[in-house]
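In structure tokens below, several structures.
Shared between the two complexes below is subunit A, which pairs with subunit B and subunit C, respectively.
Moving on, here comes the complex of A and B:
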């Protein structure tokens, strides 16, 4: 389908280059700066028009911060963000405002992201109020249209968020994000707060809307199996950096970075036969603090395949095979696709040897 | 595990209701199950299906009012826990039945050291003096894989990471060598790589200590990896019960069947479109006179509206509460 994205001449809708988001750590009564939490540290990727880029990682790896900073909900420390051809990393808030209809967000917690004192119609209609000059009747028509699109009953337009279940609340959040016909939506863990049987409903809705409206998604999640379902390409983040970025099928079939390998291995399979048979990579220790990341490769403290070079030299994030990017010294010498496969096989045998 | 062995825990017809201003909520309805020695029993269900409330009711952890454990029997060590005094229950809870909760941050006391909190049950229930308890606490921390255990006894919970805190919780639950360990979503708040560590630890501890475990979760993947036997809960009732392999390969209840199809996999075939269970979970304010799943069930027929199906045996050690027979595609005779 869209797997061969990089080769085709499809348009890049979102281009992120060298993005950094540091939060200052202050101490003492004068709040002097004593360090930085490097939440996002030199991240670069593109999102093609109409595709879904999955952004996965564990809590604290910076994936949500990354999603927020791309929409300029934070002011980035450094780097460039181009959305639909316009640079927004440094533009003024007043200019950003004209851009807002293009880029929207669906939040994790539908309970916290909807104002409990506003009716559903008011919530979905607020962006229309702010950004359009529609008449009252036109606005209501649009609100009904949006409610139909996300599968909410029109008769509930005057109800309040607390009267809805979690899955329905998430639909309200999605309708609000769609109100201004955006091109790009950041979905920040949109299903994490929902029950398994409801998750599938929301994911199917997001996919349907994408097909119908030609949307582009950045889908942030810690659920690797759901990302495999929805994403065309997947980026794996660890401690503020992207460890690996690849087309979905490649990433799940032959993960290159040792962190991706460990992460995939940690996901339990709902099948007792597979679970008793399969080998596991169990990482030791915890994620280091992003205020004080290790020298060299940021994964070197937990990596089962760590080498001497990893502790001193930071690996470059580069393309090791067409469309496959990774930041790992294991692939330093590989320049061809065949080389990558060989290196992957070699890394697999190391794994099984352990 | 030896079949037919005397169960360590035997729950019969447990019924818990919550009295609220909006009427009574039937959170747990005639739940019966047993736990054999050394077995790991998985309990799966969505939020609100009654899995946690069941476990809390049987060891008297629910505040009353609003909770009212109305009916049933919980046989443990030859006595009915529902008839015990609070003092006696407290003895049982610390010493014979260990509990691990979902959130390791809120279940540890932030103002006491980890060492103090592990030593507390040892001194209360086992009557150990301070030096003995401290020595045992150190052993326990080593057992659950915390490095530099002697020094970490003096640390406070906030100095531990999420995974380490859950290890501490496990150490506390294991302190008095319980016969039964009840773990309520113990890995839900953790990241997958940390979850993998904890699951590995539990597999290891089972071999070393051999206690019976009840493991509550909504994650079928976790269950597949560790459980011997599984019960599936929906709308405050057990809808299916089977050995783990049997449940995953031959699910009988429409809810279990649908649930297994909605979850995507990171391995194996990738589905083009996810299967969904339409509709919402039931609100439990109405008395359970009909099947709780009928409104979302593709096979529901008129009888499901009229009558609440009882669990009927469908295979060796396998039962399901449903009128519909997946083999014939028609109702049970």
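Moving on, here comes the complex of A and C:
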């Protein structure tokens, strides 16, 4: 958002530290564990109250898993998750139940995330059914209020999900997430399955709701332009780890991590002159398997600026400039206070050396 | 979307209608299901109210009137002992349908319960599916025979010969026919469990119990419905087989299966005695099948209203 206030001094609503989510790989007759898929590997970030943190990365890099683990839809392997000051990484599902109204989720596929055998009223009413003791009439009033909020006609309350378009279904999903007045919503690629014209509507609806209700979003997406539009800060994920985390404008203007640079260079430019001029960083090779990530830096197999140290030592995820975090050996020598541009220049010279 | 603010002021805002009305509306459009419902109702009426109107005792032996064809005194004729076939069919139908329905309900309940628990709770899966495979691998007929021989006496003494055997047969058929349902349901549940709306329910904080009732069960309705309709037929036929082997109800106690197998000896002389109970069984099974079909369509909102 353009009116984003300075981040310092604001309350942290979500604090994630050292989060790991490994899915076991089993093999053989006895289903013995032979390894792990490291879907989320040592991820740390904070989300301030009222802001939108964009989480971007290519398919399969662990974005969605990360979002789901934060809401404890999966049980994390290690790490801590604090939401609204409460540690939830290890609490039992029954204890989590009381926390659920604070944190909600909007899903990627609006078709799959709505039960085909429930009416819209029943779908939106499910959270109310679970967490409130409203009477039937009060519940219906609240359902209508929510449908108004997301711009759905009240007459649709008795219809079933298959009778709606994709954008309308996503609105139903958003209304369900809003039902309990949550503070924090994980938007798991809410626009990926929608038409481009509908995408803008849904994103604008999300922004409008954020302004009105003071919501905090974790916005997961692989659409860099959309994230640029909605997010206050952006985290870039690669192979289960966060490569870079920075305020939106800084990240898009001067990306630090070579992966971010490559990712941003892939965004098409509407101006044809600029588009032809623009240098495109083309990565070679494939993403390594998350079951067997490379030693050292996860990106070292494809990095255009790879150094010897990258192949042996894992870079620490640290603050290289105020508010800008990255995990890259290119910035090892920079102090937290050092100018970013210097580091950026340094990285360029290394590229020439390669 | 064009329906944003303009349509907010609404004229005819109806509160959500009870969805069973929609189900009934859709059911009415299914011709086969309506015919099936009509036939089943007729059969049920015949076997419940019929004996009051046609008051000949189905076990009354009139040896001089044996092997008669259809006549005014005996519309369906008589059997080799001179018992009235119409009265026997009505009395037998009551037992056969009761056995079929109860055994089907029992096997459906067991199959759905085990299937859902095995599919939804990973910890229970190994044990329950092992149990299912165990039951599948048992030779059923010898098992049924063994159960009947072992438990017939004690149950007869406890509840009287007819009720005792009724319980025994329903139980025997129920516990030996739930495995197919369990396997099908488990497969469906495994697929449904990974759907995003189940994940959404978990993010809302819906406990597993209500998740199963609200999201899983309504969506496994179709396969359950199909096994239910097939289950009735299976139960009636298994009961016939048991009666045929002399291990079901007492020999003079009429059931459709019993009447059928009594008539098989003289099938070439008196084919009508085979045809009538056979048609009764087929009609019941067929009408239940069609009702199940219509119900399954009516319960699916995606098909409803089409």
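Just so it is clear, the second predicted complex is superposed on the first by the 335 of 354 C-alpha atoms of A that agree within 3 Å, B and C clash if a C-alpha of one lies under 4 Å from a C-alpha of the other, contacts with A are read in each partner's own complex, and residues count from 1 in each chain.
Everything below uses one rule, namely that contacts are C-beta pairs under 8 Å (C-beta built on N, C-alpha and C of every residue); 3 or more make two chains touch, one makes a residue touch a chain.
Bear in mind the structure is a predicted one, so any value in this text is a computation, not a measurement.
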item: Which superposed partner A:174 touches (first subunit B, second subunit C, both, neither); value: neither
item: Which superposed partner A:297 touches (first subunit B, second subunit C, both, neither); value: neither
item: Touching partner for A:321 - first (subunit B), second (subunit C), both, neither; value: neither
item: First, second, both or neither for A:113, with subunit B first and subunit C second; value: second
item: Touched partner set for A:242, first subunit B, second subunit C, both or neither; value: neither
item: Which superposed partner A:256 touches (first subunit B, second subunit C, both, neither); value: neither
item: First, second, both or neither for A:225, with subunit B first and subunit C second; value: first
item: First, second, both or neither for A:201, with subunit B first and subunit C second; value: both
item: Intersection of the subunit A residues that touch subunit B with those that touch subunit C; value: 165, 167, 201
item: Contact set on subunit C toward subunit A in their complex; value: 1, 3-5, 7-8, 10, 12-17, 19, 195-197, 199-207, 210, 214-215, 218-219, 299-302
item: Footprint of subunit A on subunit B - complex, ascending; value: 46-47, 161, 163-164, 191-197, 199-200, 218-225, 244-245, 248, 258-260, 262-268, 270-271, 273-278, 280-281
item: Complex contacts: residues of subunit A adjacent to subunit B; value: 58-59, 165, 167, 195-201, 203-204, 207, 222, 224-226, 228-229, 249, 252, 262-276, 280, 282-284, 286
item: Subunit A residues touching subunit C - in the complex, by the definition given at the top; value: 68, 71, 73, 94, 96-97, 100-101, 103-105, 107-109, 112-119, 121-122, 126-127, 130-131, 140, 148, 151-155, 157-158, 160, 162, 165, 167-168, 171, 173, 176, 201
